[in-house]
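Dropping the structures in below, format is structure tokens.
Common to both upcoming complexes is chain A, partnered first by chain B, then by chain C.
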Partner chain A sequence: MIMLDVKNVSKKFEHFQLDNVSFQVPQGYIMGFIGINGAGKTTTIKSILNLITVDSGEIQIMGKNVAIHEAELKQSIGYAFGNVDFYTRSRIRTLTKVVKTFYDNWDDEAYRRYVRKFKLIEDKRIAELSTGMKVKYSLAIALSHGAKLLILDEPTSGLDPAARDDLLDIFRELVQDGEISILFSTHITSDLEKCADYITYIHEGRIVGSAEKDEFIDTYRLVNGKVEELEGIKERLISHRVNSFGFTGLIRADELPPSAAVNVAIPNLEEIMVYYSKKEAAHV
Partner chain B sequence: MYNLLMKELRLGVSPWFYALPFVTGALMLIPGWVYFVVTLYVCMITIPNIFAGYKSQNDLMFTNMLPVSKKDIVKSKVGIIVFLELLHVIVAVVFGAVSLALYPNIEYIFFKPTAGFWGLTLIMLGIFNVCFIPMHYKTAYKYGSASIVSIAAAFLFAAGAEWLGISNAFVRDLFKGSGADDWGIQLSVLLAGALVFAALTIIAYRAACKRFKKVEI
Partner chain C sequence: MNILISNTSEKPIYQQIFEQISAQILKGELQGGYSLPPIRQAAVELQVSIITVKKAWEELERSGLIYTVTGKGCFITELSAEEMIQKRHETVLKQMESDIAYYRSFGLRLEEVIELLRTVYE
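What follows is the complex of A and B.
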């Protein structure tokens, strides 16, 4: 089953636009949503949550249009925004008391369980929580109201490596039984190497690729060779950098000339992202 | 809707603003004062401060993430404004009655706290609402210019009414002369004021709903 279906979404702002954004998150998997800062990740997430209205296209969650069934669908959505805080002067206990009244399927026992599991102290104010704890609190809320789709916007940004690893383990655990799906936006690609099943890459408001993680990475090749060899392949490269040893560039695997005398390697997500952003810089 | 109202009461409104009506209401005990000011405090202090709190606590996004409709979000905010306004008015009415009993023979230059005066107060608050609520919902987070315009509009109404009460013989007689003891007249003005307050607040709510639909969060 497709949990989240973003279909041809476009939205124009004064200085930026989402252009025909489409991707799908299947149930029970983690979709990593990557792109550099300002690529359109948060805008896409806001469209999914109906916080902004789209100019064209449609977003469906569990087969229902978000724009029409917003309140109903939000019963099944959990969220964690790494960079946004709410009611920071309130205690966890107070905030939970308020939030739980909005959810039909709120499970107090599950909430207690997650509070213990995540070691949350209910007397603490939100402002007193570490960044990781804030994300865990959002997860505890989402999981206690039976959310089936978790939308996490940069949940690991600003976390130390141990806290990040801890959260990634939790995400993997959550999708294990195949019920919960996660859309996980980040620019820290190493997190996704560890935990994502699928990757959607957005660049300048357009989706560059959306596929199963290994398949996505396999679409690209990292090539390097001597500067003299650059001219023959330059036009096909997404972007490249030159140094005293020669050049390194990113190319789509199907564009790779079979006879080229260059070294070919499989890139990682970070390299794909970096070379795409260099392409943007080259055009400026 | 009930859960949204409870959310506002528990998270959005500082407990101090439940106590403030009793502090400002006590100002009714100043003999012969400009009693419009007493309820103007809700416009000048309570509402701008609550909306400043909403802005600093990211309430717009927090509330929009909850499984509620945009219409209900506006309704709950209007509900909380009306609740606090009426709380201020009711407490002031009680202190006003005490004031009347304390100073039975005073000559009023400004309006006497009669039932009719409370009708005028409700009109003043209705004017505040019809300016503040739709202006705020243009962005759903800015409250500064909405506060200034709405407080100025409410103030102008109050000043205009007081001026009429001093310079116009008919109005003077109605609120401070023989009309002041005529319950029929006083209750009619109160009822008319309540109707105007309700009508202006409903207009404000509808306009705010329309604007809020277009707000990008």
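What follows is the complex of A and C.
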């Protein structure tokens, strides 16, 4: 089943636009949503949450249009981000008492379980929580109202490697039963190499690719060769750099000339993102 | 079953899992009939994505090293001694093919390669 279906969404702002954004998140899997800062990740997430009205296109969650069934669907969505910046002087205990009244299916027992599992101290004020604890608190809230779609906006930003690893373990456990889907936006691509099943890559408001992770990576190749070889292949490269070891560039695998005298390697997500961001605006 | 995953290796993670399990099967460390953990559980335990495990299991099945019983899970195939040797040869040959491309790139002749191999082996 398709949990989240973003269909041809466009939204124009003065200096930026989402241009025909489409991708799908199947139930029970983790989708990594990547792109550099300002690429449109948060704007897309805001559209999904119906916080901004799109100019055209449609977003469906569990087959229902978000713009029409917003209140009903939000019972099934959990949203977590690195910074819980509201009511920072309230204690966890107090904030939860308020938040739980928003949800029809609030499960106190589940909440207790996650508070224990995540080692949340309910007497602490929001302002006193570490970044990792804030994410875990958001997750505890989301999971206690039976959310089926978790939208996590940069949940691991600002965390140390141990805290990130800890959160990734939790994400993998959450999708284990095949019920919950996670849309995980980040620019820390190494987190996704080990946990995402699918990747959607957004660049300058457009979706560059959306596919199973290995398949997405396999669409690209890193090529390295002598500077003399560059002219012959330059037009096909997404971008490249030249140094005393020759040139290195990113190319779509299907654009790679079979006879080219270059070394070829499989890039990682970060390299794909870096080379794409160097691509001149004129070529986009 | 032991699996060590390297995130800095050139090899895709599913390939690493596939190679390590198949090696353990072919060395007889994992016996026929042994049941592999369910895909989603293995993903949590190995700290990798679900599809990565799925791909490794599919690759094992394609190689005839495991089989699936619907509703029960995946099991290691019972192989006769000859089948075992045959599959081991297939695996080693695959590795040799890529090694030989490397030797060729230096312009080594077969006799030279054999001579070098002998030195290293002994």
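The rule we apply is simple: the second predicted complex is superposed on the first by the 277 of 284 C-alpha atoms of A that agree within 3 Å, B and C clash if a C-alpha of one lies under 4 Å from a C-alpha of the other, contacts with A are read in each partner's own complex, and residues count from 1 in each chain.
Just so we're on the same page, a contact is a pair of C-beta atoms (placed from the backbone, for glycine too) under 8 Å apart; a residue touches a chain by one contact, two chains touch by 3 or more.
Only a predicted model underlies this, so the values are computations on that prediction, with no experimental measurement involved.
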Which of the two partners, first being chain B and second being chain C, lies in contact with A:D85: first, second, both, or neither? first
Just checking: does A:I30 make contact with chain B only, chain C only, both, or neither of them? Give me first, second, both or neither. second
Touching A:C195 in the superposition: chain B (first), chain C (second), both, neither? second
Counting only touches as set out at the top, which of chain B and chain C does A:V175 meet: first, second, both, neither? second
Who does A:E72 touch here: chain B (first), chain C (second), both, or neither? first
Once the shared chain is lined up, is A:F102 touching chain B (first), chain C (second), both, or neither of them? first
Quick one: classify A:K46 as touching chain B (first), chain C (second), both or neither. first
Footprint overlap on chain A, where chain B in one structure and chain C in the other make contact: none
If we count contacts the way the header does, which residues on chain A are in touch with chain B in the complex? 46, 49, 51-53, 70-75, 79, 81, 84-90, 94-95, 97-99, 101-103
In the complex with chain C, residue positions of chain A that touch it: 28-30, 168-169, 172-173, 175-178, 190, 193-198, 212-214, 265-266
Counting only contacts in the complex, chain C reaches chain A at residues 7, 10, 12-14, 40-41, 43-44, 47-52, 55
Sites on chain B touched by chain A in the complex: 3, 6-7, 10-11, 57-59, 61-62, 64-69, 214, 216-217
